[in-house]
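When the chains are written out, they are named A, B and C in that same order, and each has its own residue count from 1.
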Amino acid sequence: MAELTYRDAVAAGIAQEMARDERVVFLGEDVAAAGGVFKSTVGLLERFGPKRVRDCPISEQAIIGAAMGAAMTGLKPIAEIMFSDFLAVCWDLVANEIAKTRYMTNGQIALPLVIRTANGAGSRFGAQHSQAVENWAMAVPGLKVVAPATPADVKGLIAAAVRDPDPVLVFEQKSLYAMKGEVPDGEHVDELGKAKVLRKGKDCTIVALALMVHRALAAAEVLEKEHGISCTVVDVRSLVPLDAQTILSEVSKTGRLVTVEENPRLCGWGAEIASIVADECFWDLDGPIVRVTTPHVPLPSADALEDNTIPSVERIVREIRERID
Amino acid sequence: MDVVMPQLGETVAEGTVTRWYKKVGDAVKADETLFDVETDKVSTEIPAPASGVIAEILVQEGTTAKVGARLAVIRESGGQAARPAAAPVTAPAAPAPAARGGPAAADARARLSPVVSRLLAEHGLDARAITGTGRDGRVTREDVLAHLAQRTQSPAATSPPAGGGVARSAGVVGAPPVPSSDGAQTQPLNSIRKRTAEHMAKSWTTVPHVLQAVEVDFSRVDEARRMAGEKWKQREGFSLTYLPFIACAAAAALAKYPRLNASFGGDHLVLHKRVNLGIAVDLNFEGLMVPVVKDAGALKLPQLARAVHDLAARAHAGKLRPDDMTEGTYTISNNGAFGTLITAPIITPPQVAVLSTDAVRKRAVAIESGGKDEVAVRPVGMLAQTFDHRAVDGAYSAAFLKEVKTLLETRDWQRDLEG
Amino acid sequence: MNRKAKGKKAAAAGGDGIGRETRLELYRMQVELRYCEKRAYDLFLQNLVKGTSHLSLGQEAIAAAFGVAMRHDDWTFCTYRGHAHTLARGASMTGVLGELMGRECGLLGGKGGSMHLTDVKNGAMGSYAIIGAHLPVAAGAAWSAQYRGTGQVAVCFFGDGTANIGAFHEALNFAAVWKLPVIFVCENNLYMEYTPIASVTAVRHPAADRAAGYGLERIVVDGNDADAVYLTAVEHIGRARKGGGPALIEAMTYRHSGHSRADPAKYRPEGELEKWLERDPLKIYRERMLKLGFAEPTLSDIEAEAMRKVDEATAAAKASPPPKLEAIEKNVWADGGSAWRN
């Protein structure tokens, strides 16, 4: 095991797959010579050369369109969209073309490609550079969606995404890039569609994603120590495919579901989880399902405001204490 | 032995337990009335299937259960498990939950989460027997599991009855009347009233109602009634009213006008072969029932009279069977008892029409006799039909009414009575 | 029309190096595209084709010329007005008409419809129904050919309206910077949907006049002259194949029908259609072939054979059942299914 930062684990994941498969190519804005605005792709140009690691103009439609055209003709491109907010600029390609082409052509066209993007709040960038938009992708049939929370997961899930025959969006939480964690040595490939149970408790199951996983774990610690409430924490990791069975099984053990989401309230991913649990796990519930989310507002910039907008450890503790009876 | 929800009619899938006559720990004899079940509008007393002691009541009053669902458990007499003394012994031993939190606690206990409801049902437990440790004394999943664990350890500690049986009259749902500040009383609706309210509101808001009425001269009917008179009453035990005559005429006319003996289906009309006549019966201001005379068109007048009388009598006695209420294709509402002139009744969808009969009174009418107009005194009443304008038009309805009128005014009813 | 295109037109009258077989093939292709498109229109009238359909009656010369000029492993990317381009790559007529009619035999099994005709085995890499989207996609395919050194070329057809959308400019710049083997072909039929393109565009030639912005040659060609289009296609496809980078070609043409089946095209000035009917690509080409000494029966045989093919395809498509309902949940993912959870 080596300790890597989340950003180095991103580069390690891409490098692992490029070294393994000539068909894997990487493109994006400022990703090659500059090593990425978040320095998450440093060293790739030097190692794999300008033919495979390519800087692009500020043309999100061209980047994603090119990745699509390359994927349907034999390559396995990884495209970077610098901030997930910019997905809106090329959403036609993502949601109308990439997501639907296999289906519309009745399986004639395959699109093995990966779109990586820096997602989420915590950097005081304001409303157009801080959104958590993984739920946008989740709402479109034909897209697979992962959001890793740790260095090991980001490496392993990028590798799994590259090897997957379908289009996968990898949402990297930009506040996590500096986070350090153990990453397995040697080849590390994870699996799409698998949630992880990170902590076992008996009173409540907290289901979280990406940055929120760490806050949920911290909240569970406080709840246990200070309030005698013992929580299970599940990291969803993959929204599509969704490991519903793990979630249902953990909720049925504690009788309680709390989702912790960075998405603004309406149609955040937790709403779908809540719906599945209410539908399939109803007779195991010992209380209402609780969603802790960002309120339905664009994100403010000032640290004092941003910190109180996305779910904090304190808010998770408070909401669970208030709602668990 | 398990007590299960009986099948109260071929078309009935579930019933609501409206009253338990026994509580947990009470002794019960086989065939003694154990509980009331209500289906749609009919309440039925259900006898105990065996003698013994009520060990558990699994479905509380006011709860609806599917046919075949377990409702209670009777520990049969002579069985080794019978512990009639258990209740008095254990009751003081368990802390009385009601003592902990007043009315709020009672609410919290009543508010069972899905998992608690399921566990209680699976293990045949009564929530009132379990100490709630949740907010306001709510019984949590942990409480049920702890209770079960404890029960396994000490088998004697079973279900103390809590609160005692609150005697509630069958069919009354919700709290007793609460006086308000101005002295007005809030009267909770009984279940018949509630359902009537729902059905009427739904019909009135979805069906375009049109009313038509004809004046009918009941001279020939009166003559037949007079002729049959006392003899009929002695033989049959009840008086012959206008209603069976009207029902008979309506059934005959419906055979000629099948689009009024129909169900409206949005984009189609189902024309029924048989005339199943719903007869609206008032329960002394306590609600309205509509039992159904099946295949009325096949019945001769005396049979029809008996059927109508039988249904009305059983409705008043609360002895209707659930099947008596179903499959109506056309309804007659009899409002004449209080001297009304005309009533605009509400249709029972998917039926497409309803007929109201009002008071028959002696009136001066102009008749033609020997080529001359004369004034005569005749028994005259209104027949008013409301029809669903989506299903038929006014001319069709009017033709039907004319047919009924003609039959009532011209048929040889005496011969019908002899038959 | 620039000097170059005029030169080509003169050459087309003979001595242009176009062989006899190629000319027969160009004519056969145009006739088939015309007859099949007309049949598609007849089938709407019979209510056998549901949904929308965008006809390219009058624009056949462009699809046919490129179809003849391309190598079989080259790729076509076209728009929702793509029946002709797909057929020109060799797609089955039954598959096209079947797809329009929503039958199981359709190219896409009934899941795409008129606007998404695709036939990967013949290099028809999809019809894209959102203006502009497929230009960067074609560039990406060209990138793949360049990366793998296969010598394949991507040809991307689009209408004049596309030249005003962002993706057009992104793709042109991207392809030019990366020197990608992609040919962008603007079919300028004078109208975006219902609005004359001239009234909403800052330059006279919406595509060609923008070429300079991407360091590309300005090319305008007579899109109703199959020979002129063919010669242009051969030249630029060949150049791109050798690593010469992209080309942007604007082919002037005219659609005889409205934008879609819902459009009677009442917005056209009186006499405009008649003028263009005089310049109908089939009419021009037939007359030229007769002048060049092709025998009348040779041409009428081609026409009769094309009609027979269309009739046969129509009957086969009509006989095909509607798709099985299982298709609804198939082919979202590579595993053939649509499961999004366990």
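The rule is simple: a contact is a pair of C-beta atoms (placed from the backbone, for glycine too) under 8 Å apart; a residue touches a chain by one contact, two chains touch by 3 or more.
Computed from a prediction, not measured in an experiment: that's the story for all the values here.
When chain centres are taken as C-alpha averages, the shortest distance to the whole-protein C-alpha average belongs to A.
Each chain's centre was taken as the mean of its CA atoms, and the one lying most distant from chain A is B.
Ranked by C-beta contact pairs, the top pair of chains is A-C. Inter-chain centre distance (chain A to chain C, centres taken as mean C-alpha positions): 40 Å.
Rounded to whole angstrom units, the spacing between the C-alpha centres of chain A and chain B is 58.
Remark: chain B and chain C have CA centroids separated by 72 Å (rounded to whole angstrom). Contact of a single residue of chain B with at least two other chains is seen at no position.
Residues of chain B touching chain A in their complex: 113-118, 134-136, 138, 140-141. The touching residues of chain A, when paired with chain C in their complex, are 25, 51, 54, 56-57, 59, 61-75, 77, 92-93, 96-97, 101-110, 112, 141-142, 164-166, 193, 240-245, 276.
If you check the complex, the residues on chain C that touch chain A are 75, 77, 108-109, 111-112, 116, 118-120, 125-126, 128, 130, 132-145, 147-148, 152, 154, 166-167, 170-171, 173-174, 177-178, 327, 330-336, 338-342.
Of all residues in chain A, those touching chain B in their complex are 255, 282-287, 325.
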